[in-house]
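One structure, as structure tokens, below. Some questions next.
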Amino acid sequence: MSALDPTTPSVPQRAGWAWRPYALTLPALLLLVAVIGYPLLTIVLRSLSEPQWGPQNYVWFFGAPVNLTVLQRTFTISAWVTVVCVLCAYPYAYLMTAVGPRARLVLVLCVLIPFWVSGVVRTLSWVILLQDSGVINSLLRSAGFDGVRLIRTQTGVVIGMAQVLLPFMILPLYSVMKGIDLRLVQAARSLGARPSRAFFTVYLPLSLPGVYAGAIIVFILALGFYITPALLGGPRSTMLSTLVQTQVLSLLQWGRGGAMGVVLLVTTFVLLALAAPVMRSRHREAGRR
Amino acid sequence: MNPRAENRGAAIDLDTVSKAYGSFKALDGVSLRIEPGEFMTLLGPSGSGKTTTLNVIAGFTDVTSGQLLVGGKSVVGVPAHKRNIGVVFQHYALFPHMTVGRNVAYPLTLRGIAQEERKKRVAKALDMVKMGDFAHRYPSELSGGQQQRVALARSIVFDPPLLLMDEPLGALDKKLREWLQLEIKRIHRELGTTFVYVTHDQEEALVLSDRIAVFNRGRIEQVGTGRQLYDQPATLFVGRFIGDSTVLRGEVKSDGTGTALTIAGETVSAPRRLAGEANAVMLLRPEKLVIRRPGRDAAGTNRLSGTIAEAIYLGSGSKYEVKLADGSTAIVRSPLAGESFSLGEKVELCFDGADAKLLPDDSTADTTLT
Amino acid sequence: MEMKPLTRVILGLVCLLVAIWLVAPTLVVVPMSFNENKSLAFPPQGFSWQWYQNFATNPEWSTSFLNSLKVASLVAVLATVLGTLAAFGLDRMKARPANLLRMLMLTPMVVPGVVLAIGIYAVYLDAQLVGTLTGFVLAHTILALPFVLIAVSANLEVFDRRLETAAASLGAGALTTFRTVTLPLILPGILSGLLFAFATSFDEIVVSLFITNPYLKTLPVQIFSSITRDADPTVAAVGTILLCATTILIGGGMLLLGRERKGRL
């Protein structure tokens, strides 16, 4: 290797030093194995071995209609949260790319401010806002909608979760939109496209990678949500995470709780695996300045 | 058969068009008529207003004041998508999420043209730019030159009466650029459409254009054929921007017979006068200067002494940069058969006073060029 | 992109609503914290400082706050060291193993919190780490590691490795090169990693809820149990204090950064 080759590490390489980068990652890997790998393995083993060896816990999980209802609800709520996030984040992220640096700073601050306060406190705020005597209900009442229940309903859970997850949608979307070459829209206009047509045929398709990336992140995080549904939801909006917690902490059913956890875990990774090729699509780097 | 007869292309009239951004005047009262079917190049350094003019014609930029007619009709306030003008961009602007074929079909789809007809016209446009075999590729799989040819096909496929090109070859290397210049000339001939071409490359402008409009600081300095601009520059800026030139500055004295210029003790004269201008300069083209060793007699011609500062072998001859007594530089081209000179050698430059072009001095001509 | 005036107005309005939706829940705790009554009904009644007093004097609150500070500080240091080392290792590996290992190290971000929590809880029960400082630090470190890795890797990616070659050619040894060239240039990444790690630990609730016990509670756990137990406005006071602290930290940081940048120009 030549000394000026930019890929050459700074230090002249001696034979047998190739293991060094691996040595640097070793401490982190060890901790990873001890605090993530081993615990997850324990859960898988318990789901198969308690009370005795066999698939009984999975048979139980997929055999009980209650569990399936909760599983289905977990997906439904996550899907709604994702839809709400996409619909709100798209115009917001677009505006971030369109305004001057000062206004952009304000918009970015609005996205980041929710992170400044503890997540639990934020959920508390939603409890305050959504309760039956809360602000939103008073507003609705004065607008003529009486007796709308928000807290302990799926709607309330979706509102609270979407707010927590919105930044995860806005930021990837913004980073993709920022890279879209607006001159392509201009080109479309010169070829005869009205502004709306140019948007739908050029801008929207080019921003889709950001939508996919954000939607996947939001959906996956939503699937595993625990705190927000626990505080904002009621018995009719229980999500899978809460069920896992109940099985383990209240009923001490490690096998059943473990099986549920494994279902949640596998679902997450399957979704990630399905999403990977989409994210690595041919046009991810295209259309950039 | 004259192909131009069926598609004459549109005429363009710019009438005192101005465009201001705050206090900055990007265009300052530009008037220009472009004839139907003409190949007009807007030439100038960056920031001179040539691209703004193109954007005004395309409808990407509103005018602050003035009138703009395309094909005899005012288009002020008409949005870009209703102007039916083809535009080729320096950055190609191909849609990365569409194949070459779909890119070229895009303007036809927008115009609601049926699929059969669309296919035929896409194939024809791609054939014209010799990209017929690439319809199923994506832009990212093509080279820069290929992408630009597809962009060209896309902008002519809907038969616009006017095609605007904004430095379309700016990002390509020299060989490819020269070849594509000829291709663009051929396509212009075949279509008969009006072409408006923006570039900062004067050689490219000379190769392509019927006429050239030279821009400087938001104004047009001169409009004319390449020959007119080279032989009869109206301003010092044009003289310096088009081709190589030597500018002589000195103490000016004019009388009934002509103008004399004294540069560091040596006096040269031209048999012409510049009305009302005390600060005249002389502009000389390199081939009008004769370089030789000093001392020999040459009565009747102007003579300036200097030293060789740079000698460049060009193949077809040599080009010399000669440092004159006042510190300025003269550019001389000498044929292969002539004498050759070495660096630092003392030489004499001779020229016929009739070949010197007298122009009013313009200090901005230097600053905008460098 | 050009837009019709109407489209522009609608876009602005929608974004304003989204911004309010994002920010309002954060700010609602401020008025609540001065409530006179022990209730979380909005709008609050009267004015009093009693909930701030309660936070400062009630050992349940102050201890959990100190616990959180302790855990988060340790986690920040540990995660930054491990994450930075790992980022360097990955940067200097061949692409294939590096990508694989990177994916592995980012898994804590996507594993559902509860699944991880019951796993860690199960292991900690056996290892008797429930309710211990070590237990908290280890669990939070693994959750904070991905953030450090991302921050430092992003910085290493734009770091020009030829600078190290240049330093070496000028006579600097491996360690000197690292200290004088590499470290100063990637320091922003390391510092933001440190900050993220601290914040992650300080805010962590799901795993903490499982591995906590009456002897060791962190602030989020205390807040959670307070919310589920009764309507105590002390929670709002805590939220307000945190909001002010972060605002001052971030505002001060931005001012400092801005001044430094101006000074350099």
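Letters A, B and C name the chains as they come in the text, with residue numbers starting at 1 for each one.
Note that in this section a residue touches a chain if its C-beta (ideal position, glycine included) is under 8 Å from a C-beta of that chain, and two chains touch if they have at least 3 such contacts.
Bear in mind that the values here come from a model prediction, so they are computed numbers and not experimental data.
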Reference subunit A; chain at largest CA-centroid distance: B
Most central chain, judged by mean C-alpha position against the global CA mean: A
Whole-Å gap separating subunit A and subunit B, where each centre is the average of the chain's CA atoms: 55
Chain centre separation (subunit A, subunit C; CA means) in Å: 17
Distance from the mean Cα position of subunit C to that of subunit B, given in whole angstrom: 58
Overlap residues in subunit C, where contacts from two or more other chains coincide: none
Multi-partner residues of subunit A (at least 2 other chains): 195, 198
Subunit A-touching residues of subunit C, taken from the complex the two chains share: 1-4, 11-12, 14-15, 18-19, 21-26, 28-29, 32, 40-43, 82-83, 85-86, 88-93, 97, 101, 104-105, 107-108, 110-123, 138-139, 141-142, 145, 149, 160-162, 164-165, 167-169, 174, 177, 182, 199, 202-203, 205-206, 210, 219-220, 223-224, 227-228, 235-236, 238-239, 242-243, 246-247, 250
Subunit C-touching residues of subunit A, taken from the complex the two chains share: 3-4, 6-12, 20-25, 27-29, 31-32, 34-36, 38-40, 42-43, 46, 88-89, 91-92, 94-95, 98, 107, 110-111, 113-129, 131, 133-135, 163, 166-167, 182, 185, 195, 198-199, 203, 220-221, 223-224, 226-227, 231, 241, 244-245, 248-249, 254, 257-258, 261-262, 264-265, 268-269, 272
Touching residues (chain side subunit B, partner subunit A) in the complex: 58-60, 79-87, 89, 91, 93, 95-97, 106-107, 110-111, 138-140, 154-155, 158
Complex interface listing, subunit A residues touching subunit B: 181, 183-184, 186-195, 197-198, 201-202, 205-206, 282-283, 286-287
